[in-house]
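Next come two complexes built around chain A: one with chain B, the other with chain C.
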Partner chain A sequence: MAAVPVTCVRLTTSMHNNQIVRKNSTFMIVPMGRIERGFPCLRSSRFQIACAAKPETVTKVCEIVKTQLALSADSEVAPDSKFSALGADSLDTVEIVMTLEEEFGISVEEENSQNITTVQEAADLIEKLVEKKNETA
Partner chain B sequence: MFPYSCKLCLKIKIHCVNQRMFCTSSLLSPLQLPSQMETHLWYILPNEVKSESLMKKYVDLLSPIEKEHVCSMRRDELQKNALLARALICSQVSPRSIEFKKNAHGKPEVCWQHSDDWHPPPLHFNLSHTSSLIACGITVGSPIGIDVEEKQRTMKNNILSFARRYFSREEVERLSAISDPEVQRQEVIKLWTLKEAYVKALGTGFAGAPFNTFTIRFGSANPNPNAKDSAMVIVPLENPSLLSTNWRFAQVELAGSHYAAICRENGGISEGAPMKLIVRKTVPLVEEHCVSEIDTVV
Partner chain C sequence: MVPPSSRTEILSLFRSFLRSARQFPDYNIREYAKRRIVDAFHDNKTLSSPSSVAAAFADGKYQLQVAKRQALVYSLYSPKTKSIMDIKY
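What follows is the complex of A and B.
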């Protein structure tokens, strides 16, 4: 079984030849013939999964977090990694927020920033703010 | 080595350097809570606590819920620090009689398990830690917030950009006027600890009092031009009803390596009377070492 580690998969209903078209890399993909058993994340037969944030965003957030916390490039920072579990204190968290603001050109209000506790939450909020910014632009 | 110094005009009394040793097998000492006029600051240096058997004794101090919480930490270092922080508090009060709960904004508070004939004191505490130091401030009757940061901590962002993003304009002006970049960095970190201590004392979370909505001003509260003492006052920029000016601050250095800020409400301290800050270094159940007693002046 060829299993490929993947991050955030956007699956659409257009399936070609029983093969899931993966856009980016993060789930375990089990090849054809075992599809009906192999996807823990599938919720419906339409094979539609919406990921809240683009993988590029998640990756960028991971990079910023690793830099802030002085973690090595190959250290494990997953989307659901809590900043505090990675060793971040309050000053690290606000520095991360500030770097994200500069990187993505957004402004994070304090009541939002205290809800950012994981990489995924940060990425989701970033995309929400970027979308809002593009709407009003 | 004197592991502290005070930057504000505080009257410093280096009081006691006596050590108290505890037999680990003896009963825990009775409650040694602060009086209403005192603030106690305890700290542990985790790197000095290595004994496995001692760590097991700390686990025994905890209630089942707290044990579970500590065990849920995934990284060893974080687990150790969580354990030490709880041991620090539990070793000061009767074992297993307290649990920690969070208030509506996530601030940890002490929850006493008490019987009908015992009314527990209104104990307030606040914890703060870095990877190399765990500190706990304790008061009776007044909310308290503390924050510690390593003195040598570097900022990943530009110092003044950071200050402009998070501090008030008045504070940025004061910091911008500092010409030495190293002193500037130190002052930014110290101001951060003061503001963080204040917001933690308020207990409403980071969003409850965004840092740029208030200024901590170093100025003379005493109109007497001959007064040498200065104090820190909170100047709210908006919502003056939300923020109170009823707070006392102290800033100290711990173990030569950390800045610590302590903020507590005035309650219990009569107008004009000094707040006494007692700093103790400890290895819970083993020893404590009174580092200093400081009389802070309003």
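What follows is the complex of A and C.
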């Protein structure tokens, strides 16, 4: 807000009566235009659902598991099927986790990789890590 | 007397091996390293006597150091043009 002192503003209007109208105002306050910031939208207001993973992530994980374990294309890989039930031993599980790391560009910690036993768990962990990566990027 | 290596140690050796194999800039060497690591660990999966397991584990550790050194040296002198297999269309 800026205050502009206006001492004298002379308005001369020539009317038929030759009237001189003089407007005298001492202070005129001119609003400079403050940018009113509305609601700060710095953070995405997306709700994070902890338990669900996106279906395309789950399908990608299923594809990778099928390729790694050399399963046929029509074998059932459900989201809650365990890797050991599909015929994978611990070495295969580590390989699957590494392939997922490469595919999604994330980095899985030691302890986290021990806990992954089903496809759904892997998809959830991937979602979480991708979120974290996108937040810090 | 070194205590026998546990399952988790072997798995973490496997992981570090695969991670260092990823760092090779050359496509051929990278793919070969990945194949060789998986094959070696699969072959030694059925070892039963603790002494042979310990020997294989020590050999694996040594090879891991070799792989790490070589990945570093290769990345210092990597060629400018990438292999055709690395370029995704």
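As a working rule, the second predicted complex is superposed on the first by the 86 of 137 C-alpha atoms of A that agree within 3 Å, B and C clash if a C-alpha of one lies under 4 Å from a C-alpha of the other, contacts with A are read in each partner's own complex, and residues count from 1 in each chain.
Keep this in mind: a residue touches a chain if its C-beta (ideal position, glycine included) is under 8 Å from a C-beta of that chain, and two chains touch if they have at least 3 such contacts.
Every value quoted in this text rests on a predicted model; they were computed, and no experiment measured them.
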Touched partner set for A:Thr117, first chain B, second chain C, both or neither: neither
First, second, both or neither for A:Thr67, with chain B first and chain C second: first
Partner chain in contact with A:Val94 - chain B first, chain C second, else both or neither: both
Chain B and chain C footprints on chain A, overlapping residues: 89-91, 94-95, 98, 110, 113-114
Parts of chain C lying in touch with chain A, wherever the complex brings them together: 7-8, 11-12, 14-15, 18-19, 22, 38, 41-42, 45
Sites on chain A touched by chain C in the complex: 89-91, 94-95, 98, 102, 110, 113-114
Residues of chain B that touch chain A when the two form their complex: 73-75, 77-78, 129-131, 147, 149, 153, 155-157, 161-162, 165-166, 189, 192, 196, 205-207, 210-211
Of chain A, residues touching chain B in the complex: 67-68, 84-85, 87, 89-91, 94-95, 98-99, 101, 109-111, 113-114
